[in-house]
Amino acid sequence: MEAYLIAILIVTAIYVLLSLGLTLQYGLTGLINFGHVGFFCIGAYAAAILSTAGSMPIAVGLVAGMLLAGLAAIPIGLVALRLRDDYFAIVTLGFSETVRLVITSEGWLTKGVQGIPGIPKLIDGVGTGPALMILALVGFANILAVIAFLRIVKSPFGRMIEAIRDNEDAVKALGKDPARFKIQVLVLGAVLAGLSGGFYAHYIGYVSPDQFLPIVTFYVWMAIIMGGVGRISGALVGTLLLMGFLEGSRFLRDLLPFISAVEMASIRIGAVGLALILFTIYRPQGLMGDYTRRK
Amino acid sequence: MTIDRRTILQAGASALALGLAPQGAFAQAEAYRIGALNPVTGAGSPYGSGMAEMIFAAVDEVNAAGGAAGRRLQVFADDTQTNPQSAVLAAKKLIEVNKVNAILGTWSSGVSLAVIPLVNDANILLMHTSGAPALSTPPANAKGYGYRFQATNDRFGRAFAEIAVKEGYKRPATMAFNNASGIGNTQGFKKAWEAKGNKVLAEVVYEPNQPSYRAELQKVLAARPDVIVMGSFLPDTTIILREAFQSGANVKWIIPGWAANPQLIRALGNEATEGVISVDSVANEQSASFARYDAAYRKGQSQPGASNVYAAMTYDMVITLALAIEAAGPGAGTAQINAKIREVANPAGDKVFSFAEGKTALAAGKKINYEGASSVLDFDEFGDVTPDFGVFFITKGQLERRYVVKI
Amino acid sequence: MAFWIELLISGLVAGLVIGLSALSITLVFGIARFPNAATGDTMTVGAYGALLGHRATNSLLVGGLTGAIAGAIVGFLGYWFIFRKLAQRSNVALLVASIGLAFVLRAILGVSFGHSQQVFQLPLVRPWRIGDVPVHPNDLVLAGACATILAIVFAILHLTPIGRRMRAVADDPALARVSGISPSSVMTVLWLLAGAVSASAGIVAGIKTVVSPEMGWDLLLPAFAAAIVGGIGSPVGAVVAGLLIGVVQEMATPFVGFTYKIALSFLLMLVVLLVRPRGLFGKLEGAR
Amino acid sequence: MKLALRDISVRFGGFKAVDGISLAIEPGTLVGIIGPNGAGKSTLFSMVTGFLPHGEGVVSLGEADISRDTPFGRARRGMVRTFQVPREFAHLTVRENLMAAAPGQSGENLIDLFFRPGKVRNEEDAIRREVEETIDFLKLRAVADVSAGRLSGGQKKLLELGRVLMTKPKLILLDEPFAGVNPVLIEELSGHIRALNQRGIGFVIIEHDLSALSRLVSVLHVMDQGKLLASGAPAEVLARKDVREAYLGGAA
């Protein structure tokens, strides 16, 4: 039983990196990033291609994934500066779909719709031993990300991005350029998503374009909205809730036989939708957070 | 899946299995645990629940005949959602929580490619219905524990080429749904067709869920083909055939069976589907095994067995596996059972059409050759079945099988 | 030459569907001031409604009306139970809530109709031939239907008192509130209208293709692009831009291929947002 | 640092909100701008500070032509502004609002933040001392740790003044600082402005409270329908018939 729980924790840890990235971008800076799965996809494919066709060591693939995702965030950042937030949301949604289209079409590099099988595991071997080491590795990356995250939040940089979220014009009136901060935040969030993608590719062992649909972005949005926008605890709790919900429904099927499995998929999507609605209306600050009132 | 006695019973059993040892007449030999990992939701949802249901039905049949090598078969069902991530997690649960000895019924190539490493690591069997060629060769099938009950995509392509030659077509074009199986079919056709020294006039790969496919159709029709070979699924085939008919094109079609089925005819009517050639790995309709499967499928899904060829395959998976367990004798591990699979299914040996028949023949010391419901089930060295292909012509709204193509 | 004309026609027909759903988006975007992500799934509701209506009465007109009414009701319920409660909140909260509504609608449709395809049982008719360019009667019927829907929307907006109040709210919500326009009456009519319009787009799409729970979501991005390219708040802009995107997508296929044509609508939207945020016919209050 | 405006005009469609305004603000002076609603005061203000796209004419600060400069570029040159409706950072405390305003913080650069933490910490301490002085100067000690969103209207105006002070400006443009503020607080604000003026900081104040303004400023400019109607000492300007008429809505 515990090996299966380790598997859930590993996937949760992978998704926490995505939630942290989005918390930094939306929770702290107010950037409506609906294209998060695009950076996740870039990280996954970089790791997959380099570790199979490129036959590079895994670490190289992971770092390359982070860099490429970060680089991809820069043009998005430049666009972000000139757009109102809901327009930016639509543009980022378009970005993640374009990434998926490029991955689908450029088969010479990405094997297109066939996907890339046989991606080496983070740590070889079978059973709970290696699984625990993988969990430790991804967990360690989480800890580093949280430390860096706290360092940023408690610093003048963190203060400034929250100021941008609260009132961008006031920041300009005080002689500071929001653009620089927005781009850095987008790049940081993208780097985290890239690393998360790299871990995902090595853990699942197979990547294909249809694993990177917008639904992944909205799952992460649901996690940070339920957990608590703008807070690390919110990102962690939210991701745990999301994974518990997505995986829990696997057991639910055994215990509630009258719900046919076909309906289970619709119920899962419906529950995600309902959570998004109810939390946005009745508990905007999420379970953990109360960023609206600091004291 | 309708609510009936067995589903509730099964749920109780599986909840029981989470903690307690199984009871019942087979207390002495440990139950053989089967993981039914099927695409109940997502792109494979039209086939998934039928596939799962037939695994239960076949297991009931085997247990009713006294089990295999004294061991009762037990099933744990889970949903791949036709996506690799949840398939991997479901497989891990089946392997680590339910401790299954075999996983049956993964459908899409992506899912099987993601699950097969876990199966190899856990030294258990995987029987799937995916088309991707990568599943036959190492590293995916390095241990030979993977068996493919569906013809590979390029086998379909080769069958299409044979049919095109037989029907005297000279100017083929291809249209493929942009995913692994769609492109696998048209590439398979192109390879086989060009190997015969001919040329494919136009090739189009289209994206799913478009408001219209006219531009794609137009590009293909501009090359004036006499036949269009499709690698497609039901929804897109419905739209493309309708738009072709409504744009006045009169061209012949060769379409995989899962896209050119009774539902397509019901959607478009007889006139638009007249003369369409539907190709599918021929199920042994005449065989007694198909009759038993068909009865079980009608009882569970109240639909004809022929409408879900994948369910016939999962039915055969259980029977073949059970016969191999029986042949390997009590206390056999995966390796011994694996060694027996080709023995009980491939040609050398008396033809048997059910588990009971096979069991009595084995008991009498004879060699057997199980002829399945989905096909004759002769596995090559890669663990792939080499079925024949039934060629059906849609005439006045009926699927009429005219001949069989062997490759 | 006929090759290009055919591409143009198929582009226009595809553009009709995009234009209609963009029209619904621009109405909501202009008046309620947020991009309604549930538009796609309201389209699907319309398609299923029309399917039931058509099966029951075998008349496409009754089917269409049932679908439109279903869409209007869903549109209104979305406003009454969700968007009304978020009126004072940022447009992001409304956007996220509309995504939630989109998922809920898809779940309800999935459970009630299942995932296998459903089709409008219509007789298939051979096309007419003008020169060697096939023109299909169905396309003309659908184009006519879209034109009538557009005319109805314009009539409501420009000829009726509630329409004038809706345009006033679109121009300057603060001024409108001050001059005594009750927002709830304007919003009620807006959401009924937007729901009906997106439902009709879904019906047209459903007739041309097949009806399945996911169909609305895939048409959402091009529809948003059309609403933005046409200029937010401008009904004419939405439909013209929808046709433009439909034609550009189809005509570009020989050069760009069938996979990248989908990215074209996104690219067009990006260029417009950066170069001319007001879009073709939008007002000054652009996308800054 | 002298602020000079030459033929400034701003057009919305056909309508000229600001029409050919030329005036100069001598360094270190207290200047008021008055005029009826819709005279174009706020429009002029926003264009000079870069929050409205440049219309016609030249805005120069000292010798530099800043007509095309970004809002934050102009602020960095020492000309800062407050807003008619205060724009506090609602979720940050009063202290954090003031800390955020301090210019040139290396802690806002990620490289320094992670690789030169010592330097960042020292700067933070220096800024914190400055913030404590500003808090005492503006008597906001009691609410120093309350999130700005929960302050009263008057406190928010004080905070906004405190924030611009943190940027060590040479010229502060105040947009209706006394609007909606009780008389006691108006005197307090005027006191602060006079004290800051002693330290050499110039002010340009848009205000409707003529009595409080005229007690404060040395020069008064009157705008009406986008044009400069009159300029001069407060008493003298307010005595003019045409100014009173513009105000009483005679001509408009």
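Labels for the chains are A, B, C and D, by order of writing; each one numbers its residues from 1.
Following the convention adopted for this analysis, a contact is a pair of C-beta atoms (placed from the backbone, for glycine too) under 8 Å apart; a residue touches a chain by one contact, two chains touch by 3 or more.
From a predicted model like this one, the values you see are computed outputs, not experimental measurements.
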{"item": "Starting at subunit A, fewest touch steps before arriving at subunit B", "value": "1"}
{"item": "Chains touching both subunit B and subunit C", "value": "A"}
{"item": "Chain closest to the middle [Cα centroid of all protein chains]", "value": "A"}
{"item": "For subunit B paired with subunit D, centre-to-centre distance based on mean C-alpha positions, whole Å", "value": "75"}
{"item": "Chain centre separation in whole Å, for subunit D relative to subunit C (CA means)", "value": "46"}
{"item": "Subunit A and subunit D: spacing of chain centres that average the CA atoms, whole Å", "value": "42"}
{"item": "Averaged-CA centre spacing for the pair subunit C and subunit A, given as whole angstrom", "value": "31"}
{"item": "Multi-chain contact sites of subunit A, meaning residues that touch two or more partners", "value": "104, 262, 265"}
{"item": "Multi-partner residues of subunit C (each touching 2 or more other chains)", "value": "115, 259, 262"}
{"item": "Pairwise touch network: line, ring, star, complete, or other", "value": "other"}
{"item": "Which pairs of chains touch, using the document's own definition", "value": "A-B, A-C, A-D, B-C"}
{"item": "Complex contacts: residues of subunit C adjacent to subunit B", "value": "3, 6-7, 9-11, 13-14, 17-18, 115-117, 119, 121, 123-127, 129, 134, 136, 138, 205, 208-210, 212, 214-215, 218-219, 246, 250, 253-254, 258-259, 261-262"}
{"item": "Residue numbers on subunit C that touch subunit A, as the complex places them", "value": "34-35, 82, 85-86, 89-93, 95-97, 99-108, 110-111, 114-115, 213, 221, 224-225, 228, 257, 259-260, 262-263, 266, 269-270, 273-274, 277, 287-288"}
{"item": "Subunit A partner contacts - residues on subunit D that touch it in the complex", "value": "49-51, 70-72, 75-76, 80-83, 87-93, 96-97, 99-101, 103, 105, 107-110, 113-114, 120, 124, 145-147, 149-150, 163-164, 166-167"}
{"item": "Complex contacts: residues of subunit A adjacent to subunit B", "value": "1, 3-4, 7-8, 11, 104, 112-115, 117-118, 121, 126, 200, 203-208, 210-211, 246-247, 250, 253-255, 257-258, 260-262, 264-265"}
{"item": "Partner subunit A, residues of subunit B touching it in the complex", "value": "1, 3, 7-8, 10-11, 14-15, 40-42, 45, 48-49, 52, 77-79, 81, 83-86, 88-90, 92-93, 96-97, 109-110, 113-114, 117, 121-122, 132, 134, 139-140, 178-180, 183"}
